[in-house]
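What follows is a pair of complexes built around subunit A, which joins subunit B in one and subunit C in the other.
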Partner chain A sequence: MVNRTPVIAVIGAGIAGLEAARQLKDLGYKPVLIEKAPVVGGHVAEWNRLFPDLSPAADLVQSLSKGAGSVKTYTDTEIASMGRLKDGYSLILGNGETLLCDAVLFATGFHLFDASKKEEYGYGIYDRVITNRDLEQWFNNRHDPRVANPKAVGFVHCVGSRDVKAGNTQCSKVCCITAIKQAIEIKEEFPEAEVYCFYMDLRLFGKKYEDFYIKAQRDYGIHFIRGRVSEVGEAIDGRVVVKAEDTLNGKPIKVTLDLLVLMAGIVCNPDAQHYAREIGVAVDEDGFLRSRDNVSSIVESSRPGVFYAGACTGAKTIPETLAEARSAALTIHQYFNKRK
Partner chain B sequence: MRERIASHFDPFVIPFLVGMAFVLGYCLIAMIRVIAQLPKEDRKRFLVSLITPKYLWMDVRDIFLNCLIHVKLWKRNRVLGYMHSSIAFGWFMIIVLGHLEVMLFVPERIHLFYYPIFFNYFVAETEQTIQGSLLMFLMDFFLLMILSGIALAVIKRFASRIVGMRRTTRLSLLDRVGLYSLWAIFPLRLLAESFTAHISGGSFLTIPTNWIFRQFLGNDLNALPTWWAYSIALGVFMCVLPFTRYMHIPAEMLLIPMRNAGIRIRHSRKGFALLEVYSCPACGVCIDACPMSVQKANCKDCTVYLNRQLRRGNERRIEEISDKCLLCGKCTAVCQVGVQGPELRIAQRERRKYALSPSFADINVRPMASAVVHGAGGESGGVLYFAGCMTQLTPSIRKATTSLLDKAGVRWQMMDPDGGLCCGRPLMMAGRTEQARELIAKNLEIIRASGCDTLLLSCPICYKVFKEEYPLDDIRVVHHSVFFQELVASGKLQVQKEEGLKLVWHDPCELGRGCGIYDEPRAALAAAGEVVEAAKHHTESICCGGSLGSLTLSFDQRRPMVQNALDNLTAADPAEIVTGCPLCLSTFVRQADRPVRDIAEVLDSRC
Partner chain C sequence: MDFGFTLSPSSAVNLDTVDHARYDRLVQLAPDALTCIGCGSCSATCTAAPWSGMSVRKVILCLQRGRDEEVDAMLSRCMLCGKCTMVCPRGINTRHLILTLCRLDRKGEVVR
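Then we have the complex of A and B:
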């Protein structure tokens, strides 16, 4: 241990994993990135532009993967099993290799809520109902017959978030601002379209978020309707009929739309839970990994040598995730300094 | 034959006589009270049924089969069936035979209540005569039968798992007094008869025991105290009976004729409801059956405890138990007496006073009525499809149902294309019957305006209330699973069968136990794949856990119930779970590890 460069297994090569791996490499350690998808970048790689400055997501992913360029990276590789050793961990990879490491960093991220579980919104049943991810993909490749010159577009906030019936009581943090961003982008794309956002309340906590929201109303004329969508139906021509209650004026409303975008929320990654159980790391009631302390040491687990970065402990924005990745790298550095 | 006691009396019979007089008096007053509490038309109906030969025959048959032989219990659990029928039928036979003995040998003493019970003390009979030996043999035979039942009861009390019950009721203090005195009666009778067998005669049981005792007891001084003990045990049992669960014995004998006469619960605490509460034998079969019992914290919310709290008048607990229940009806399905747990709870809910009771009487349904008139296009007949609120929230069911109607060439229109009024069942379940009636009146207007001949429902919750509470007379009310089964059977829907595709049918509470529909959906599914059964199915199907019935269960509390219901359904490892209720569907979808679909979706995807 003393003479050997410590090896750190970084699970997940999303933005948290890439950034942490770069920092660890710069600190003189030997990080190993393990990613089950064929490409690195995680969810951000699927996105088109990022709020609030509408900067391209591809640029961020590119700069992060460039930073982690010399780090040994396994893509398209699952972890078959994980085990505890005397002072380290062993990972058996899907390709048959065994990786012995001195520390493990969970950068396993999140899962996007499966919107078809909220059947009343009609995802997978009606043609004109898509999710936030589908829309980003359309922004990327412009191939989706469902998005065909819409005249009226609706966004439903909190799909699978803050919803006890869906089994997720947590706020996904990023959907409010994502909906506003996508609404603006739709309006830029189709200036004639009427755009509606159905929300419970708007949680615009980050830098420039509130300005962005005001801009959406003032400059783009996007309608914000406070009230949950009660049900979605289909008109004979295939358009979707949305029923909701406008709780600000206390009246039920009904609008017919060409496109309905569901803001699917952030839920825990079941793979992360599985690995955590294998090496005895605690999982919180919400399904996310449990930190040693939710205030002072969010990147540490209660097991020595196991650390977290990013959305594996709960919904996070990109700047928060990157800051956590750096913080995790420093915490790992201190951990090895103490062990010397 | 000779009478041993010249005065035909001994003070030891007093405890028995006191107990007998008390219990008969109490039951008589209670019976009059229950009958008096019935609403006038119910009372008349009941009294008329008692002089109608058809009902009378039904009453006698049901009382014999249920109270003495316990046929329902035999079907469910043979050990428990034997235990109960051996005690009940054996005891009944001993009393009958006792009277027979008195009538045969000392007919002049038949007016003495205690003679048939303590016959062997007062009359010495030899087993030499054919009647004597036969009667004595039968007496011993039935005594042995009862003793074997008592032995099982003792085992059951201390190790309920041996007789196939996971949980059994916790007894109250008086229940224990009743139980122990009941256990004591028959061993004491055996001892008393054994001590006197060399004087009064006996048979295969009492003569050998008499011989054994005489080997080490030199005299007959034990005989009288044992007869005293026997009489005291009887007296104690009868004196505590009205205050224990054993009140179910007399109560059930009144419950059966009343139920046969078609009497229903009309008041939360009086009349038939009171009778049902007292008919509960507190056996605890409902505890294992209740879907809430997967969590130990809810075990005390089963029907047996509702009945106990109703007897005690503990209002706080009555309200808690009544509001929590899913109203799935499984406790009634497994109950030997047929206590209607859900109906009793709804009656309790009706007592509540609400600060706000919005009226639905002012809703203007003319636009909806004229829409269906317009939709019918001047023609009468055809199918009116009411999707209901739950199907509106599960659009895949509505889509599949309308698609199947088109494929089968049925002339149909929707009653609520734009959303409709509530069917009224949720309000009924909440005990707000008056408001439900207002909605029923409004919906009736729309249905009548359409001129349809069939009302199609894809939600069993709606189906039950339309079937039971709507006076629709000539309009057929049908659940979509039944309607589509008929279309499949008549060849109007051609379903492609996939061999080896295992489908399990989940019986929704409101459709299965609620309306007795079990076979049609299975027959329809058999056209699409191979139907496998859940571990518990038909009347014993387990509620999905999402029921509207419960007013207070939280989603967290329901989750283990949903999981339990899913585990039950996947016992035969089906590829898909199929149901006919939008509420079951949306409840299962959230937690299932395999596809869950409505029967309409399954059929629509294969034809």
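Then we have the complex of A and C:
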């Protein structure tokens, strides 16, 4: 290896990219962050509060971007193309610059499923149907008049997740707990409202999640109905009528709501697939990037010098993503130590 | 001996004695039956369900529990409109599943 500080291109300045860049910088490397959006922080920057402690998302993004403060960062910058070199990779950026690097870290994250693709749920058709992201924006700025003083609110789990027809067979992992968080927040805002969660399976696997679930049942009286919503219609007064099967009772169930929140799931980022193909990195059948081993080396690709952090390999929570970002930085460190 | 009362038959499902033959044959002919997650979308969207009790979800479950009478009663009420096929998140061809099942007797033999 040449006697200079290795350069690592970190693609994406969401929470995975920011944390990995900070760690790489602290380990003595030269990370370069490339972000297509005008601001850093990714999806988390759009969120209001985080489960399970209702901590402000802005605080996390602020501390992560402060940590990566001295890292060279390109925002509002697309990658025009990527290529392989003998001992590294070259990236041609949208601004015309060429970046030569010794390793590439994919921190390309995910896309939120486009809920209008599930036409039977009426997003973009009925006024009172919104998504989890729309609700977070309302928590942030209180602008959306559709959220005004609802008497009955529903949450639909698994929108675009575990759904063959939506093209995403994976569980998005975070929607169950996000629905519970948002249901609790709605009850805090509107204590008189009846709140219903329609679920297929409740997957509350993380630290403190089960406590949060019990709190939703016991302290907030949120109703959990085991049945996937099959279709949504609009009543004459503009409210929405939701149909499901109450599968525990074995009977059809319907309810009229003032607001319906669709828990849009985590799907793969097509940009990541595109870059991966350009440099010969394998993509899994579900569209997420393929790890060298799904148990022992999730942050490594099969190609030398290409690494992953966060949701580019599949749906992840924030603590999982941050742990992977640190793990990826250490794995890159080992990679350069072996090359010395 | 007459004690002046009778015992109700147990409603418990005894998996030791349940005959799976019909279900086993069904999954040979329509293997996507195995992928049902019991979400209830099919029953919720069924045009006939509120009046007839038809439910593809329950049909698949009842078969595995040896509840053939309930299965046959539900099947007789299906209009084969195919709406359940459209909403199934696992992409099960429920219409094909129902038609296949209608051709099987309780021992799993193809009789129609």
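Here is the rule we use: the second predicted complex is superposed on the first by the 339 of 340 C-alpha atoms of A that agree within 3 Å, B and C clash if a C-alpha of one lies under 4 Å from a C-alpha of the other, contacts with A are read in each partner's own complex, and residues count from 1 in each chain.
As a working rule, a residue touches a chain if its C-beta (ideal position, glycine included) is under 8 Å from a C-beta of that chain, and two chains touch if they have at least 3 such contacts.
Every value quoted in this text rests on a predicted model; they were computed, and no experiment measured them.
**Student:** Have a look at subunit B and subunit C on subunit A after the superposition and call it: clash or fit.
**Tutor:** The answer is clash.
**Student:** Classify the contacts of A:A57 with the two partner chains as first (subunit B alone), second (subunit C alone), both, or neither.
**Tutor:** After superposition on chain A, A:A57 lies in contact with neither partner.
**Student:** Quick one: classify A:T247 as touching subunit B (first), subunit C (second), both or neither.
**Tutor:** second
**Student:** Between subunit B and subunit C, whom does A:M200 touch in the aligned arrangement: first, second, both, or neither?
**Tutor:** In the superposed model, A:M200 contacts subunit C only, not subunit B.
**Student:** Should A:K117 be classified as contacting the first partner (subunit B), the second (subunit C), both, or neither?
**Tutor:** first
**Student:** Please name the chain, subunit B or subunit C, that touches the greater number of residues in subunit A.
**Tutor:** C
**Student:** Report for A:E231: first if it touches subunit B alone, second if subunit C alone, otherwise both or neither.
**Tutor:** both
**Student:** Looking at A:G167 after the superposition, I want to know if it touches subunit B, subunit C, both of them or none. Which is it: first, second, both, neither?
**Tutor:** first
**Student:** Kindly classify A:V255 by the partners it touches after superposition: subunit B alone (first), subunit C alone (second), both, or neither?
**Tutor:** After superposing on A, A:V255 lies clear of both subunit B and subunit C.
**Student:** Quick check for you: in the superposed arrangement, does A:Y126 touch first (subunit B), second (subunit C), both or neither?
**Tutor:** first
**Student:** For the superposed three-chain arrangement, which subunit B stretch in 349-357, 475-483 or 583-591 runs into subunit C?
**Tutor:** Residues of subunit B that clash with subunit C lie in 349-357.
**Student:** Per the definitions at the top, what is the overlap between the subunit A residues touching subunit B and those touching subunit C?
**Tutor:** Touching subunit B and subunit C on subunit A: residues 120, 164-166, 231, 243.
**Student:** Could you list, by residue number, the parts of subunit B that touch subunit A in their complex?
**Tutor:** 392-396, 399, 419, 555, 559, 586, 589-591
**Student:** Write out the stretch or stretches of subunit C touching subunit A in their complex.
**Tutor:** 37-46, 49-50, 55, 57-58, 87-91
**Student:** Going by the contact rule at the top, pick out the subunit A residues touching subunit C in the complex.
**Tutor:** 120, 158, 162-166, 200-201, 226-231, 243-247, 250, 252-253
**Student:** Considering only the defined contacts, which subunit A positions touch subunit B in the complex?
**Tutor:** Residues in contact with subunit B: 117, 119-120, 122, 125-126, 164-167, 231-234, 243.
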